[in-house]
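The structures considered in this document are given below.
Same chain, two partners: chain A is paired with chain B first, then with chain C.
And then the complex of A and B:
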C-alpha cells in the first residue's frame, strides 16, 4: 500500500459527502465566490475520485478493519517476541536479559511437563476426526426426525468450554460422579481422575474430545451431503461395499472436510486453556499444565508477574503453531493459484 | 448416499436403527442431561449423594431464583450481552468491507494482506496476551466492557475477513462489472450491489461470532475482573469457587450460561452450520 493513497482519503470522504449539494446562484457575493471556489476544488476532487476510485476504494474499505487488526493482533505478536528478551513485572522498568528466559526454559521441569502434555493433547485430540466421521456416518440417513438428532448431537459444541469443564469435573467426581459409578458397576476401584497425576491430562482431553467430535461430525455431515452419488452407485455395481467403499470412494471425496477438521482440531489442541483452567487449574502439582496455561500462570497468576518469561513460553507455543499456519497458508496459496 | 440408505435395508435393521438412535443420543448427552436434572434437585438430594437417581423433589423455581438472588449471575449475563452484541456488529461490519476490498480489487499485496488476516487469526492467544493487556491498560479501558469488546472486534475481524472474502469471491463478478459500465461508483456498488447479496454470509457470521464471543473465557480472564465487568464464563468460574459442592447451584448456573448460544443455535441453525462448514465442500 502506498502512502499517497491513504493521505488523500480524508479529502475523498468530504467530497463524497457534498456530492449532491452543490447549487448555482446568479447573484454574486463574496460568499458565493468562496463557495464557487470550493465547488471547483470539490469538483477536481470528485474527478480525481472518479478517475482513481478503483485504486482508492480498496484502501478506503480496508483501512478500518486492517488498522484494528494490525494494532491488536499483528503488532502484539512482535511485541511479545521482544518482551521475551526482557525481565519485566508488567509495571516497573524492563530489563534486557538477552536469551536468558529461553535458557531458563531449558531447565524448567514445569515447561517440559507442559510441552509433553501439549504433545499428548495434539495426538489424542486427533481422535475427534475419526470419531466425528463415525458419528456422521451413523447419522447420515434420511428418516423422519433425523435433523433434530443431528442438531442435538451437535449440542456439546455450542455450549461454552467452561460449562463442559464443569460438567466433566462432576462426571469424574470420586465419590458421586457417574464415571466412578460405572467403574464400580464393573467391579473396579474408584479413580479420582482429576486428582491423579497419571490420569488427569487424559481425563481433560476426553472432556475436550466431546465438543470437538461434534464439530468434526458436522463438517463430515456437510461433506457427505456433497458426495457424488453416481460414483457410489458405480462402485456398488462393482461390488464395493463397507470399509472398502468408504476408504477408496468416500474418503477421497471428503478430503476438504478432513482438511478443515484437521486444522480446527490442531488449533483447538494447542489452544487448550479453558478446560485446564476450569477442571484442575493445572493441578495436581502442575501435572495437567499445558503451554497455554503455564504461560498465563507465569505472567498473571499468584505465582508472580513474570511477563518476559511468560512471553518466552508463548513464543515457543507460536513456533509450534507456525508449522501448521505455514502449511495451511501454503495450501491456500496453491488453491488460489489453481483458480 | 453413503452408508447405504436405511430404508433399503431389511426391516429388522431399520427397527434396530430407530432404537439405536435415541439410545446413542442419550449416552452422548448424558453428562448434560444429568446437569439439567441436577439443577432441579434439592439441597437434601445433594447432601445424601442422590446424584443419579430420580430427584426426591423438583426445585426448579427455588434453585434458579436462588442463583439470581444470591449471586451476581444476572449482572454476568448482562455483561456477556454487552460484550457480545457490539462485537458481532463491529466484526461483521468491518469484515464486510475488508472482505469486499480483498475479493473485488486486484492490487499489489492483495494476497499478502489476505494471508495476514488468516495467519493472525490462527495464532495462539497467549502470544497476544501481555501486549494486548498492556495496550488496554494504557488506553485506560482495562476492566471495562469496551476494552474487552474492542479486542474481540479486532481479533474476530481476521476470521470474518477470511469468510467474507471467500464468499464475495464466489459471487458472479459480472454484476460488479455491469454496474461499473453503468458508471456506478465503487461505494455504491458495495452498498447497493454486493451488500444485499451478502445477507446469508452476514447471518452465518453473526451467529457464529455470537457463540464464539459468548463462550470466550480466556480474554474475559485477562481483560476483566470483578462482577461489574466480567462476562458469564469468567463469572461461572468464580461462582464455582463459592459454591463448593453445591452442585445443584453450579448446574443451574451452567444451564443459564449455556442458554443464549443454544437458543441462538436453534433459531439460526441453518446459518450456523453454513458458517461453520465453510470450506468443508468444494
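And then the complex of A and C:
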C-alpha cells in the first residue's frame, strides 16, 4: 500500500514539473532556461528525497559502516583465501602452489597441537558464562555502595589483556609467584604452570576467564534489570524458589543476554591470542599455541615469513568459527520459533 | 691569468655548491636501538655525522627493539628510510632475496673497507655482493660468579672434564651450575651452538645451518649426547622455560647459580644489579674435543641501505662514516661491544678486552649465531626443539626427526 502511494505521488511531481517548464517556456535567455531547469531538478530531487526518505535513510546510515565492513572484513577474507594458495614470504614474488599449504597443515604436529588447544579453550572458556551469571545474581541487590562493588567486579574486563597476562605470569612464577607460595603452604611441590606442557594451556585459560567472567557478568546484570518482577512474584506465590525459580523463571527471561554472552565467549576463545603471546609466547616448545597464535607465528613473527601458510591457518580458523556460529545461530533460531 | 684563476675559483665554488646542493638533503634513519646504551651510541654517532656534514639533516626514527623485527618488513616495502640497522648472515637473506636491500660494494671499495672490515666481510656477503656495513659485534662465552668459584676452590675449567667437575662441586655446595631462561628460545640455541662448535667444529656448524647436513646425523647426536650429560646431571636451573634471559639473571645475582652461557650484553645488567668486577668473571666455553679447533660465536650488527631509499648518496656517506676506525672505537665504547674496524681501539673494559683477546686468537672461526646462520624457519623450529630437549631429553629422536622434516622443506 505504501508503494502505491509513493507511485501516485511521483506522478504528481512529474505533472507539476511539466507545468513549470511550460510557464517558463516563453522567456528569452538560455540562462534563464538553464536556471529554471536546475530549479526543477532541485525540486524534483527534493521531492524524490521526501518520498523515498523512509527507504533511503537506513541505507545512508548503514553506508559508512557497511563500507568499513566490506573493506576491512569481507574483502580481506577473500584475500586470505587467495593468499593461502600461494607460497609467499610477504616481500618477494608470490608463487602459486595450489592446495599444498593445506596438505602440509594436515601433516603438521604444531597445527594439531593448536587445534587441540583451541578446543580446550572453547570448552573451558564457556565456564565464564555460568560464572558471570553467578556473580551477576550475587551483585543484583540493592545495598549501600553496590555500584562500587559492581565496578570492582567489572574491573578485570577494563584492564588490557596484556596486563592480565603479565599479572598472571607473575602469579604463576615458580620462584616467587603467589600460586606456588599457596601450594607450598599446603606442602605441595611447586608447579611451573607456564613451563609445563600439561598445565600451560589451562593456566592461560584461567587467566582468560578472569576478564571474560566480568564481561558475562555485565551482560547478565543488564539482563537482570529487564526481568519481569510480576512473573517472579507469581512464581513465588506458586511456591517456586531457589534453583527452580532460577531455571524456569529467571533464565528464560535472560535468554538474550545468554545469547550475546555465548557469542562473545566463543569468539573470545577462538581468538585467544594476546594472553598466549604475553604469557608463554606459544611455549614451552609450542605446547600452548592456539590457531590464531600459530597463524601469527608463521606469517608475522620474528621468524615467520610464510604468508601463504599463515593464511591457510587463518582460513581453517575462520571455517571453525563459521561452523560453530552457524550451528549456534540455527539452534537459537529454532528455539525462538518453538515459542 | 688572474682572470683565469678567478674564473676557475668561481667555477670551483659553483661546482662544489652544486655538488653540495645535489647531495644535501634529508637522511632518514630507522634503528631498533631502544635500550639505553645503544640509544646513546646512536645519538653520538648521528651528532658526529651531522657535525662533519652540515649539509645533511638526519631524521632518526627510533623503534622498540622487539617491534622493529616485524615493522622492518613494512617500512622496507612501503615507506623506506635511507638507512636501517639489521643483522648479518642469514638474518638479512629474506630482504636481500626480495631485493629490498641495496648492495654497497662501492662503499666498501671506495673506503678500503675490504681491508679494515675484512673480519666481517664473509657474513656481509650474499651472491658475491656486500649488502651493508657492520659496526659492532660481541663475543659469547661463559660468564661466572668468580667469588663463588673461589669459595669452593674451583679453577676456571678449560676442558669438558674440568667443566663437569666444577659443576659437581658447585652442586655439592648447593649452587646450580648454570642459569638460563629459555622462554624466548634463542638462549638454548647459544648453548647448542657452543656444544656443537666444540664437538664438531665451525665447518660443521656452518654446513648444518646451511641445511647441508641432516639433523638425524650421528654428529648432531654426539652434540646432543654431550648436552644430555649436563641435563642428566641437573646442571641447568629448573623451570627455565618460564623465564626470559633477563629473569634468569636473578639466580646468578642471588648466588643461587654460578654460570651463564651468554653474550657480552649480559654484563651491563649484572653490573647494574650490584655485582662487582671482583664477583664477575668470564671464560671461554671449555674444550670438548682436543682435535676440534676452538671456534666462537660473535653476532654482528649492521646497517643497510634499503633499495627504495630516496637519498642513497648521503646514505653511502653515512655508511662510510660509520665504518671509520675512530667512529667505531667511540661508538663501541658506549655500546660496551667490540668494533669491527681493525684500526679501532677496544675500550679497556675487562670483559671487552677478554672477549677481544679470545676472538682475535680464535683458530676455529667465528660464527654468527644459530638464528643468524640458519634461515628463519629452520631457526625457529630448531630452537623450539632445543628447548624441548632441555626439558624432555628422552624425546631426542622425535625432536630431531621433526627438525629434519623442516629442513627438507626449508632448503630447496
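The criterion applied here is as follows: the second predicted complex is superposed on the first by the 252 of 339 C-alpha atoms of A that agree within 3 Å, B and C clash if a C-alpha of one lies under 4 Å from a C-alpha of the other, contacts with A are read in each partner's own complex, and residues count from 1 in each chain.
The working rule: a residue touches a chain if its C-beta (ideal position, glycine included) is under 8 Å from a C-beta of that chain, and two chains touch if they have at least 3 such contacts.
Here the structure is a predicted model, which is why all the values come from computation and not from measurement.
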{"item": "Chain B versus chain C as contact partner of A:171, first or second or both or neither", "value": "first"}
{"item": "Contact breadth on chain A, by residue count: chain C or chain B", "value": "B"}
{"item": "Partner chain(s) touched by A:90 [first = chain B, second = chain C, both, neither]", "value": "both"}
{"item": "First (chain B), second (chain C), both or neither touched by A:156", "value": "first"}
{"item": "Contacts of A:120 with chain B and chain C, given as first, second, both or neither", "value": "neither"}
{"item": "Touched partner set for A:192, first chain B, second chain C, both or neither", "value": "second"}
{"item": "Partner chain in contact with A:54 - chain B first, chain C second, else both or neither", "value": "first"}
{"item": "Touching partner for A:240 - first (chain B), second (chain C), both, neither", "value": "neither"}
{"item": "Touching partner for A:300 - first (chain B), second (chain C), both, neither", "value": "both"}
{"item": "Chain B/chain C common contact set on chain A", "value": "90, 175, 300"}
{"item": "Chain C residues within the chain A interface of the complex", "value": "66, 69-70, 73, 76-77, 94-95, 97-100, 182-185, 238-242, 250, 371, 376-377, 379-380, 384-385, 387-388, 391, 402, 409"}
{"item": "Contact footprint of chain A on chain B as seen in their complex", "value": "1-7, 17-18, 21, 24-25, 28-32, 34-35, 49, 51-52, 94-95, 97-98, 100-102, 104-105, 107, 109-111, 113, 115-132, 134-135, 150-151, 153-155, 157-158, 161, 185-187, 190, 211, 214-215, 217-218, 221-222, 232-233, 236-237, 240, 247, 250-251, 254, 257-258, 261-262, 265-266, 269, 273, 276-277, 279-282"}
{"item": "Chain A residues within the chain B interface of the complex", "value": "1, 16, 49-50, 53-55, 57-62, 64-66, 68-69, 71-77, 79-80, 83, 90, 137-138, 140-143, 149, 151-156, 158-163, 166-168, 170-171, 175-178, 181, 210, 215, 218-220, 222-227, 229, 232, 241, 245-246, 249-250, 256-257, 259-260, 267, 270-271, 273-274, 277-278, 291-292, 295-296, 299-300, 307, 310-311, 313-315, 317-318, 321, 324-325, 328-329, 332-333, 336"}
{"item": "Chain C-facing residues of chain A, complex", "value": "89-92, 104, 109, 172-175, 192, 194-195, 280-281, 283-286, 297, 300-306"}
